[in-house]
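One chain, subunit A, appears in both complexes that follow, with subunit B as partner in the first and subunit C in the second.
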Partner chain A sequence: MSASLEKGINALKEQVDSTVASFFSSCVHCGMCADACLFYTETGCPTATPIHKVEPLRRIWKSEYTLLGRVGKMFGLTAKVDDELLSKWETKVYDHCTLCGRCSMVCPMGIDIALLIQKTREGMAAAGYAPESLIGATKRAVTIGSPMGVKLPALMAQIKHVENDTGLTIPMDVVGAEYMLLLSSMEIMNFPEFIEAIAKIFTKADVSWTISSEAFEATNSGIQIGVADIAAELVQRIVDAAEKLKVKTVISPECGHAYMAIRWEGPNLIGKPFSFKVRHILEILDEFRQDGRLKINGKEEQRLTYHDPCQISRRGGVIEQPRNLIDMFSDNFVEMPDAGKMNWCCGAGGGVSTNERADKVRLKVFQRKKDQLDEIKPDAIISACSNCRIHLEDGLEEYNMDIPLMSLTETLAEHLE
Partner chain B sequence: MTNDFKKKKSQKEQTFGDVMRSQGVSRRSFLKFCAATASMMAMSPAMIPKIAHALENARRPSVIWLSFQECTGCTESLTRAHTATIESLIFDHISLDYHHTLQAAAGHAAEEAREAAMEENYGKYLLVVDGSIPMGNPGYSTIAGISNYDMLMETAKGAAAIIAVGTCATYGGIPHANPNPTGAVSVNDLIKDKPIINVPGCPPIPVVITGVLTHFLTFGTIPELDHLGRPKVFYGQSIHDRCYRRPFYDKGLFAETFDDEGAKKGWCLYKLGCKGPTTYNACATTKWNNGTSWPIEAGHPCLGCSEPDFWDGGGFYKSLSMPTENITQTAIYTAAGAVAAGVAIGAMNKSKKNSAIAAHDKTTIDDLEK
Partner chain C sequence: MSEIEFLNWVRGPGFQIAVIIFIAGIIIRFAEILMLGRKANLAEPKGSEMSGGLHTIVSRSFPDKSTFQRSTFTVVAGYLFHIGLFVTIFLFAPHILMFKDIFGFGWPSLPTPVVDAMAVVTIIALLAVLAHRMSDTVLKFITTKEDYLVWMLTILPLVTGYMAFHRIGMTAPTLLALHILSVELLLVVFPFTKLMHGFTFALSRWYNGAISGYRGVQS
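Coming up: the complex of A and B.
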């Protein structure tokens, strides 16, 4: 079996529901979504207008589910979805959209354009128009267990380092633990300090936690590429592990789409409610703060700002928690313009960072973040998403800006008593 | 220019300014008239001195007034001013060389006056027409043995412009009403090669006539016209839009009969057949009889007399949009039909989606490449 236009069209047909129909029939073509999208504002290219990116899905809705469209189709008047269209739209859907959802916020008709793009990707992927590197990452996620190809021995090696450095134990596969921590491959390979920070904080907070050796990967390539079947399979692995270990709460790490995938999409993907809670690490840390489990020693002197990861702030609702936590160790905090739910995307979410073809454009649209930073001139940036962090570092280097990036969890751990 | 010299001028050479001074009109009240005219015709205040200057120096234009199938109501409306106004002075000022209702001469003598005026001012005189022209039989209406049609066509040839006054001259009016026994037609049905200003109304408001004349005297051109050839400044808005009873319409407060509580309270007359929403005229703003009142203020619905075929509109007291009698039943059938169609289309869409889901092959990593 292989991808084909027929499968792509069928997948798009499956995506049309009453929500999609009402979205398309209510679009007034005002173009406000264009100015909300950094791929439009930074490139000035009208084809980057968010609602324009979902044209394949719109055509299927129009020609298959509307009376006028069907009549038009009989006379060959309704625009078709064909290989030419899909190959033209591939870059628009995968390279020029980070699923950040800022367009959905400004739409005066309340259209969730990011959702429509996600649905359009379902058709693109089934028709064989997903970017090469995303296909590769998805294959590794399914076969190896991690999009970056990180296997259990690699994790165990990093854990051993952390244990040697700190003298703390990282609890693996503990049945009945309160919390089960997930990790992104990026954290395992590039930021093992995150594991160290968690170990410190959870030990001080005196709570029971564990990592599953069977499902430690938090990211979900199926969500990014747009294949619900694969996304569901990846979610199921976590659900199986959490149920096996009988944990009460699964913690999504400092990763944007992983949180969206497991918390908001997860139960829909597998078709039943979870038997456990899912929380973002920042939500857990803020609970610790409220319970008085975190004792802080000393404050950061430098001027700090917080970059809101789209899937965590705008689409996840975790906005107050990071600010509460930063307040614990900083008196010199400054907000970026448009901070919070309207923050601008770093430019590399939604699979764009994995997609090598989009390297040039993601660095170009970083200009928007640069403008935001130029306005407040912070000494350091704090964030809570490894993907944002990697891309922000790339961007800052590209634009010759010397501002260090810090993880919120790691910075908090450094200031523990 | 000395007074002595002015006196020597013949009557026809007098300007409007001369006439005014001889009538003892102060410059102040003349300028007030110019300002009122400018605002009435929606001109900028900068136009006031221009109007004053132009009027003051305007020569008496020759006017020929033809009356055909009419009731003389239009002439009555224009000449029955209560007091001597500057509007009436304008009438005094124009050289009304032929108007068979007003002139002393009759028959052939009168026709000679018309022919003389035509010859003397060929290409420059204004032709005013009231009344419709019978085309069924030329004998239906004649003057000195000349049919209305022949007289109109002959006189129109040398006219600078034509003003059709009253609904009969503009649309055929009451003679034209079904079954139109005389085959009555309007001026612009017959004449296509001259500028025609339609001033409809049964009768039209006097100030509208003088406004059009002032415009012609001031600028030597005709004012901007709407699609029915009416000056936009007077016929640009509907009676309804300018009606002082409009707030009651907006609130849904209607008089149901002529003597009910709503009628006494001055509520909207829409349900009593008021044609205000479809009628374009200046009654609501200029009113009648020197601004005393107008039909709706007197408690009667607008008849729509400045619109074509107002006499054949299906009853003056029938509301513009009476619902059909079976409105409830019709609505129920329509709603039921719409629901059925919605259900059917919904079912079709649902089955299409279900078949798409049925056709779904589970996508695995091997299915991602072509």
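Coming up: the complex of A and C.
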């Protein structure tokens, strides 16, 4: 056995706990997870069946953690995990799954298949079977501090622009601030309007906030590729900065997996609870709304809909807040079919957008989103994840659909009194 | 071995062996699962694991509208044969007598013609499930030998039970002995195959609901 394969197998073994064992013990091969997965519904390809994607992890569970599997292993009857299997599974696990978790909501046995796929990625990555572009992004995240290679001077340049445009000050490294804002590289480079919107809203709301020059990157490539050590290191940088600045709350920006990484995985990755709170920007804005800190001027008249980012809604629990906020500036809001916790993924989460190899398939499965949009024909789409936003724009262009995309935070800022 | 000796063996030692393997197997399987344990979640909770878990144990029996529309056959046929199995196993008068012998108490039965009709419905539903498994693109792809074995062992007691009740093809003692033997086969493989979902479904649904409930989402 090669050293890398052994690493992969050990990584898979580490993933097996009572949840994994109960999940695999319960699967009846009913196939309902396929009907819940846009990579199956839009391609018709049975290899995209979610439960099929976790075969490497299932084999490890069966051969190491069940009586029958162990007996079978002695006689060479239990299926093994080898390089051939892992190499075959690489595209299934990384290109044909966005970890959106819709399958986990549908399985009649309650199997959290998305969790199993995330765990399978840990073994795949350890054995060296991960997409090149994801490996590259992860390396940049560790060495440079950003998967897109965005360094502090780039952020400072954008901040200077925003300050010149708005006349507002973006507070950097303020000790004792109430909130510490994180940003995704995508926001820094493609959507600096987000920083502008935050500056406007937080100034109007009269709260103290800051950005750390030492840890401003919110995204976590370690989570996407499935390397817990790296994910933990990236989380630790944020924890160190938040503790140094003594902030009360760290804010995750409009990015799905960043929220998952820092809010729900973070403390478990570093092995201790945080001394501060973590909230998604939509939760903070909704708190401002409840406290009467947001005064709105004028309403959007166009027909708006909201695209639920999977990691924020279904996997993250932030579902009501965006709707409360949209209601403040819209009387013409319409839900997509299956909206909320059962929403369909845009097709590019979970590292798929970073993975160039998956460019074709992510645009193909966008058909699902197109069908949802065709049913309600909105004038504009609001979302709260810059990764969804970039991919939705790609998809709309691919399918010749002329629907503008708006960030919830930015739209809210535009409607402030 | 005469047919009476055969019947006595399956009713006596055969049945005891099957029940012992069934119970011991289930205990071993649960121990295997639970002894692995699970790390405590250190993130600040937004909801309750317990209420989320308990909710999902029940709610996962009822698919949402869109899921039902996408998987209509699987849901309807699945419901039919599970209800059918419950009725034929637990609400058939002679079965209740046997349970009374074992547990010391019984419960009301359904009229025999109703159970008889239900057995036919269940057999048809299981045949339809098999046809679906052999023809559907996804099911054909994910089906293993174990799936066919389990299907066979599930339908056998229904078919032999139906034959025994209507005395089809063989003498009554032989038919009854074959029926009991088929149940024993089912009991023996139960803990070591996907049939185990009959018990572990509650556990996996609970975990699913607990993971989601902790984050404030009802799954």
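Keep in mind that, in the parts below, the second predicted complex is superposed on the first by the 414 of 417 C-alpha atoms of A that agree within 3 Å, B and C clash if a C-alpha of one lies under 4 Å from a C-alpha of the other, contacts with A are read in each partner's own complex, and residues count from 1 in each chain.
Basically, a contact is a pair of C-beta atoms (placed from the backbone, for glycine too) under 8 Å apart; a residue touches a chain by one contact, two chains touch by 3 or more.
The structure displayed is predicted, hence computed values, not measured ones.
**Q** Determine, for the superposed arrangement built on subunit A, whether subunit B and subunit C clash or fit.
**A** By the criteria stated at the top, subunit C and subunit B clash after superposition.
**Q** In the overlay, answer first, second, both or neither for which of subunit B and subunit C A:390 touches.
**A** A:390 contacts neither subunit B nor subunit C.
**Q** A:115 contacts which: subunit B (first), subunit C (second), both, neither?
**A** In the superposed model, A:115 contacts subunit C only, not subunit B.
**Q** Touching A:16 in the superposition: subunit B (first), subunit C (second), both, neither?
**A** both
**Q** Touch check for A:168: first (subunit B), second (subunit C), both, or neither?
**A** Touch partners of A:168: none, neither subunit B nor subunit C.
**Q** Figure out whether A:30 sits in contact with subunit B (first) or subunit C (second), or with both, or with neither.
**A** Touch status of A:30: second partner only.
**Q** Give one of first, second, both or neither to describe whether A:65 is in contact with subunit B, with subunit C, with both, or with none.
**A** both
**Q** Look at the residues of subunit A and decide whether subunit B or subunit C touches more of them.
**A** C
**Q** Is A:7 touching anything from subunit B or subunit C once the two structures are fitted on A? First, second, both or neither.
**A** In the superposed model, A:7 contacts subunit B only, not subunit C.
**Q** Identify the partner contact of A:152: answer first if only subunit B is touched, second if only subunit C is, both if each is, neither if none is.
**A** A:152 contacts neither subunit B nor subunit C.
**Q** Looking at the overlay, which bit of subunit C runs into subunit B, 60-68, 132-140, 150-158 or 168-176?
**A** Looking at 60-68, 132-140, 150-158 or 168-176, the stretch of subunit C that collides with subunit B is 168-176.
**Q** For subunit A, which residues belong to both interfaces, subunit B and subunit C?
**A** Looking at subunit A, the two contact sets intersect at 16-17, 65, 67.
**Q** How about subunit C: which of its residues touch subunit A in the complex?
**A** 28-29, 32-39, 41-44, 46-47, 56-57, 60-61, 63-64, 66-67, 70-71, 74-75, 78, 136-144, 147, 192, 194, 196-197, 200-201, 203-209, 211, 215-219
**Q** Would you mind writing out the residues of subunit A in touch with subunit B in their complex?
**A** Residues 1-4, 7, 10-11, 13-14, 16-17, 64-65, 67, 125-126, 128, 130, 135, 138-139, 142-143, 225, 227-230.
**Q** In the complex, go through subunit A and note every residue touching subunit C.
**A** 16-23, 25-32, 34-36, 40-41, 44, 46-47, 49, 51-52, 65-68, 104-112, 115, 263-268, 271-274, 277-278, 313-317, 319, 337-338, 341-342
**Q** Which positions of subunit B touch subunit A when the two form their complex?
**A** Where subunit B meets subunit A, its residues are 345, 349, 352-353, 356-357, 359-370.
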